[in-house]
Amino acid sequence: MSLPGATADRDAADYVVVGAPLDSTTTFQPGTRFGPERVRRFAETYDDYDHATEQFFSDLFVHDAGDVRPWDDTAAYLDHLTGELRAAVLDDAVPLLVGGEHTVTKAGVEAADPDTLVVLDAHLDLRDEYDGNPLNHACVTRRALDTADRAVILGARTGSPEEWRRAARDDVTVVAPEAVADWLADPPDFTEESVYLSVDIDGADPGFAPGTGTMEPFGLTPREMRGVVRHVAPHCVAFDTVEVNDRDDGQAAALAGKLLREFVYRHAEARND
Amino acid sequence: MSLPGATADRDAADYVVVGAPLDSTTTFQPGTRFGPERVRRFAETYDDYDHATEQFFSDLFVHDAGDVRPWDDTAAYLDHLTGELRAAVLDDAVPLLVGGEHTVTKAGVEAADPDTLVVLDAHLDLRDEYDGNPLNHACVTRRALDTADRAVILGARTGSPEEWRRAARDDVTVVAPEAVADWLADPPDFTEESVYLSVDIDGADPGFAPGTGTMEPFGLTPREMRGVVRHVAPHCVAFDTVEVNDRDDGQAAALAGKLLREFVYRHAEARND
Amino acid sequence: MSLPGATADRDAADYVVVGAPLDSTTTFQPGTRFGPERVRRFAETYDDYDHATEQFFSDLFVHDAGDVRPWDDTAAYLDHLTGELRAAVLDDAVPLLVGGEHTVTKAGVEAADPDTLVVLDAHLDLRDEYDGNPLNHACVTRRALDTADRAVILGARTGSPEEWRRAARDDVTVVAPEAVADWLADPPDFTEESVYLSVDIDGADPGFAPGTGTMEPFGLTPREMRGVVRHVAPHCVAFDTVEVNDRDDGQAAALAGKLLREFVYRHAEARND
Amino acid sequence: MSLPGATADRDAADYVVVGAPLDSTTTFQPGTRFGPERVRRFAETYDDYDHATEQFFSDLFVHDAGDVRPWDDTAAYLDHLTGELRAAVLDDAVPLLVGGEHTVTKAGVEAADPDTLVVLDAHLDLRDEYDGNPLNHACVTRRALDTADRAVILGARTGSPEEWRRAARDDVTVVAPEAVADWLADPPDFTEESVYLSVDIDGADPGFAPGTGTMEPFGLTPREMRGVVRHVAPHCVAFDTVEVNDRDDGQAAALAGKLLREFVYRHAEARND
Amino acid sequence: MSLPGATADRDAADYVVVGAPLDSTTTFQPGTRFGPERVRRFAETYDDYDHATEQFFSDLFVHDAGDVRPWDDTAAYLDHLTGELRAAVLDDAVPLLVGGEHTVTKAGVEAADPDTLVVLDAHLDLRDEYDGNPLNHACVTRRALDTADRAVILGARTGSPEEWRRAARDDVTVVAPEAVADWLADPPDFTEESVYLSVDIDGADPGFAPGTGTMEPFGLTPREMRGVVRHVAPHCVAFDTVEVNDRDDGQAAALAGKLLREFVYRHAEARND
Amino acid sequence: MSLPGATADRDAADYVVVGAPLDSTTTFQPGTRFGPERVRRFAETYDDYDHATEQFFSDLFVHDAGDVRPWDDTAAYLDHLTGELRAAVLDDAVPLLVGGEHTVTKAGVEAADPDTLVVLDAHLDLRDEYDGNPLNHACVTRRALDTADRAVILGARTGSPEEWRRAARDDVTVVAPEAVADWLADPPDFTEESVYLSVDIDGADPGFAPGTGTMEPFGLTPREMRGVVRHVAPHCVAFDTVEVNDRDDGQAAALAGKLLREFVYRHAEARND
């Protein structure tokens, strides 16, 4: 099943959906392997038309390239995924990566090579390694900083001391969930930057997205997440949404799919201005 | 099982609960046929007494007439349901219709013949037809406007272009979810109108009501929905709550049942003033 | 399985976790017997480190004493539980009681003998008896007032007339859910009192904690609950969290576990100042 | 909701369905309080007509008297339930008791006063008391032997040493699950006895009835259970089915409801010969 | 997502999978609209190779044509579906129809025009109409007999008197679940007939396939169903499996998918002899 | 939580339970990481006493050593697990390994060094590697044959051609599910061998154990599995049960836990003769 409305051919595509159902380093509740499938499924009922931007999703040249299935060698898998995404970038298309665990963002960032990473996440994901593994989902923002110049992490509310120390350096900005409303009221300008936007669905409060590997209370509301997507999308070269699993009644997937569409509407509107 | 506290005889009733478990045009997640049963079940633990209005639900002459079971011919079913509800109206009772899909509101509106329809809904439901069917749940507010003079749709956040065009006409007011708080701060006066209040539970954000056919993120909070019910109830000739299904852990049914009770408390208080 | 991070020996403990899986008077949705297990399980992914207080949970001398399993004689069980908790109190440790139904708070209060009870709860729990039973969960705050001098009930939104009458007396303060934000903006001073903090998870709106015996819409947000915990914790002699069951996707347990940790962080920080 | 086809008035009834949603001594997985509701619900799709006996269920004068709701005092509740069932017996009707936990059989047996109790059960239920409580579900066959002269327990596969010792006495016959097929091939004659048939759904293998309080593998097949019902029903003065809960996808309730109907068909056929 | 191993192009296909997610006349538990998706999903782990026939599924020229999505007009939908399936038949391919409700078999039978219909089903499905509707799932075998000369219904255990009367006519053979083992021990010869095999998953005992619209206990074992498929497949011109929904843990879909594969292996082996 | 009845100290233990919640190579439905927890939980209601062998489980010197938690390096984890299990073996205790995915059997076999491996499994697990990984669960019996002299695989019904070729060699015996009843009627003599018994729960038909990674229909009945355990246990030096996950209503865990207990009862009885 393709994402509803993703009707463009690969050649003509401005946006390329790639599912990356990686589910190997989830510490607690597994099931992110079903993330891409669920995001597509719960997007089935969304209207094609967006009133705010007066656009049809199916007019925006979105192609669904299906899933890139993982195998046991995560490093090799990420390299392969990077290749797939870079091909889209080289075709001037914007990758829309649907995880899978957050680790796949490493591939997205390497493919899109942004100046700035904007992340919605409950976690800092700034560990250098986790259980000896540098390719763990808890390390992905740290890995991304090998490529990007800086990171803005919105909604983060937990981390280890070393992560908070890393976060204190100049190239990282952390906005606590309680501060996101203010941030949105007077947001920084991303005009001069190429941005990669990564939506870890656990940035939301678990009440709105229980189907994720590590529920972390006191998170963002869906409207706050949408506000960030609206503000950042026009400056983006790539997008992902990750960490949705199949352990709820569809709330997490419905939210992730809606944010993906919001991204496309806002990005396309800006591009066409 | 009857709605707890709905202890009045039919003859003495001021309010008549009618279940309408129609589940035929749900596009995505079916199960609204279990809506009336679930609303009754999750209302079991609600206190009989309402502190704000100082009334007992079981004193308010509510009768539960049970369910009107659907059959294959939806048009005939709706006619039959209209007849049942009109009988209540003719007895000076207020129908409390519990769906079932939103389509059943057509029967409620025809039975109660209001000036104004107030709807809580994620969707405009203003299509003229859907898949060639004018009796689809996505058309119900349009159908209701054949009877009512105008509609106020609160919480709507999606629709097709033709729905938005229809919504732009004088007889329709749309209040976006983000604007409902302001609307409640200074609400319009419904004193001179007879109102029909229809609560499509998908008006709520999916975090609060995941058990519904089409989850649409960025919706209303339960308190906003209660605010609308409180303001409108005193002017109402009928009420319904629809689109609850059995695909969550009871959140949608608990909310729908509570809003129904709030309606009765506020309507009865106004009537008895 | 012990609560993650509860690594202290009993002798050295400043905090003692005791599970009390009582599930005998739940009126509607049973399952609180699985509450302690679920709270421990969904706490597995929480970071050991708390950024706000700069402390490690595993440094705070928390011991998990396991569960005290109930039997048919609830009165005897509560006496036994009181004994277990009092032993902790006598050792200068703070009991962290994890229910089970709210009834277990009676044991906690008798063991800790506080001046003041602060409760987060949708319900007043001020009945003198329920179905002839004075040890029902709906009576627990009333029972606690046999020991404590006064009670502050935050988030309460329903009760019987006699409960509201009892609540109107001088020794009870009720703060409606809508008023908790204001209460937190200018909270009363608890400095001169010894406080017992009881978190009935149904104080939260059901969207955030559906896994509980009686969902009651229009409740508190997780951040409001955390605000109360932060303010009250430094003055507390004991804590409990109750009414979590296994009938959701983990939201209720995740929230309860997080509030328990917040309590410990804030209490320890104050103690160590 | 009444049991489908239970359309007779109380006065005219040959069979009286009584729900007894007792759920107080379940040791492990609670939820038998939802048993009567689920048995009725999953019986909705059963054909009214039985081909084997050429009878319509709705012609057999079955009345559904609804549920007798439990309260905290189990002993008093059982006495009250006994009274309700005895009233049916005095009217020459056959009680069809739907639990609820197995404890309710005590009321059924006292009301019907049979010579012989035939039980389908994984457990002997021959304890004298459990946790000091003689009214626990694990004691119910022992309690029934205070009234009945003897008991035949089919499908039993576990018990304590004292239960097995009690089972070894002359008034108890135990047929292991593996031996039930042979028992059915040459069953004893019950012609001269009045029999009470009690179906604890956990007699079935958990594969066929997972929704029960204590799954015990290596049990009966549904056809074996039906075979017992068919053989015994003509000699019965009462019937019950117990221990169905809501923790599966309906398998346990579907089986219990079907066995109840089989009982009625076979009993009515014999009565009318 | 395509059925795993269905890798042939449409032009080269010997077998054409068509999903028909019709879910409009389900009386009780809805969800057959998710049947095709679930059958494909739970087939993901099946080995490509079949040891008994020494064939690879992916060598057998199976094409997955995706789903034919229903709309409100069931009659028109069935006509359209018939057209799609007939196109496969005209190309000498064998349709493998995956429901959706049993009603879709009407389309399959009209497309394949068999001499004989063999059905695995708990129900006779021989009604002339149901609630006034001749296109209800409970009428499908009756409808099929407008096209086929005779029907063999294996596993049927319930029906209305008129269905049993219809079943008594010469063109219908009913084999009760208890008699299927004997039937398989000495099965009739289908060599001279063109056969359509329809597997209503509710033919299985609910223990093996709880995810279906109407659970009917006392059914077939999976091995008995496989025995029928093995015997009949070599003589078939078409196959379907229907009535799988999403209300279990995958058991029904796993069984349906496995029987579909067994059909293909046995049919291909015979064809290639 | 420890396995109920596993009350022995490590020093005095004749049997040592070790949980190995490895969940890294599951191809389809993840969740085996919750296997040990669920097996322990659903064993809570089992009677301590076994009538057939007249023994109490809690008298049989079973110690529960808890879980050995996996990390990212599966090879290192298996080595570490082997060490833990070998320590038990060196103390003359019998390891009772509870998975986790089947891969953990490699550790068990290396620790116990048996002559013969007896496996209950739907799958041959005889691949040399899977996706390039020799430590995949689909390779575990192959790996075990590096240590054991031969393998008997009961209930196997699927595999790749190379697996079937490997299975055709002298050191492997495969007994199809259909043939297990006969095998049990006249089983081979294991008296002269030291045996390792591995129970992959997917050996059961999915109707009896849906909570497993890859459901494979047409499997064993629980009684057949018990028959194998009873026959083999007296000759065993170690036991495991694997591939239980949390995606059913407890059936798989209940069965696995019961087979583990059966193993202990039969092994202890033989040892004590």
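We call the chains A, B, C, D, E and F, going by the order they appear; numbering starts again at 1 in every chain.
Methods note: a contact is a pair of C-beta atoms (placed from the backbone, for glycine too) under 8 Å apart; a residue touches a chain by one contact, two chains touch by 3 or more.
Protein names from UniProt, one per chain: A, B, C, D, E, F = Agmatinase.
From a predicted model like this one, the values you see are computed outputs, not experimental measurements.
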Intersection of contact partners for chain C and chain E:
A, B, D, F
Using the touch definition from the top, how many steps at minimum link chain A to chain C?
1
Measuring centre to centre with C-alpha atoms, which chain is farthest from chain C?
E
Centre-to-centre distance between chain F and chain A (centres being mean Cα positions), rounded to whole Å:
40
How many angstrom lie between the centres of chain A and chain D, each centre taken as the mean Cα position?
55
Starting from the mean Cα coordinates of chain D and chain E, work out the distance between those two points in Å.
37
At least two other chains touched by the same residue of chain C: list those residues.
205, 207-208, 248-249
Chains as vertices, touching pairs as edges: which of line, ring, star, complete or other describes this one?
other
Can you identify all of the chain pairs that touch?
A-B, A-C, A-E, A-F, B-C, B-D, B-E, C-D, C-F, D-E, D-F, E-F
Within their complex, state which residues of chain D touch chain E.
42, 44-49, 51, 205, 207-209, 222-223, 226, 248-251, 254-255, 258
Interface residues, chain A side, partner chain C - complex:
27-29, 158-161, 164, 178, 205-208, 210-211, 213-218, 247-249
Could you please specify the touching residues of chain F with respect to chain C in the complex?
1, 37, 41
Of all residues in chain E, which touch chain B in the complex?
23-25, 30-31, 33, 71-73, 131-133, 136
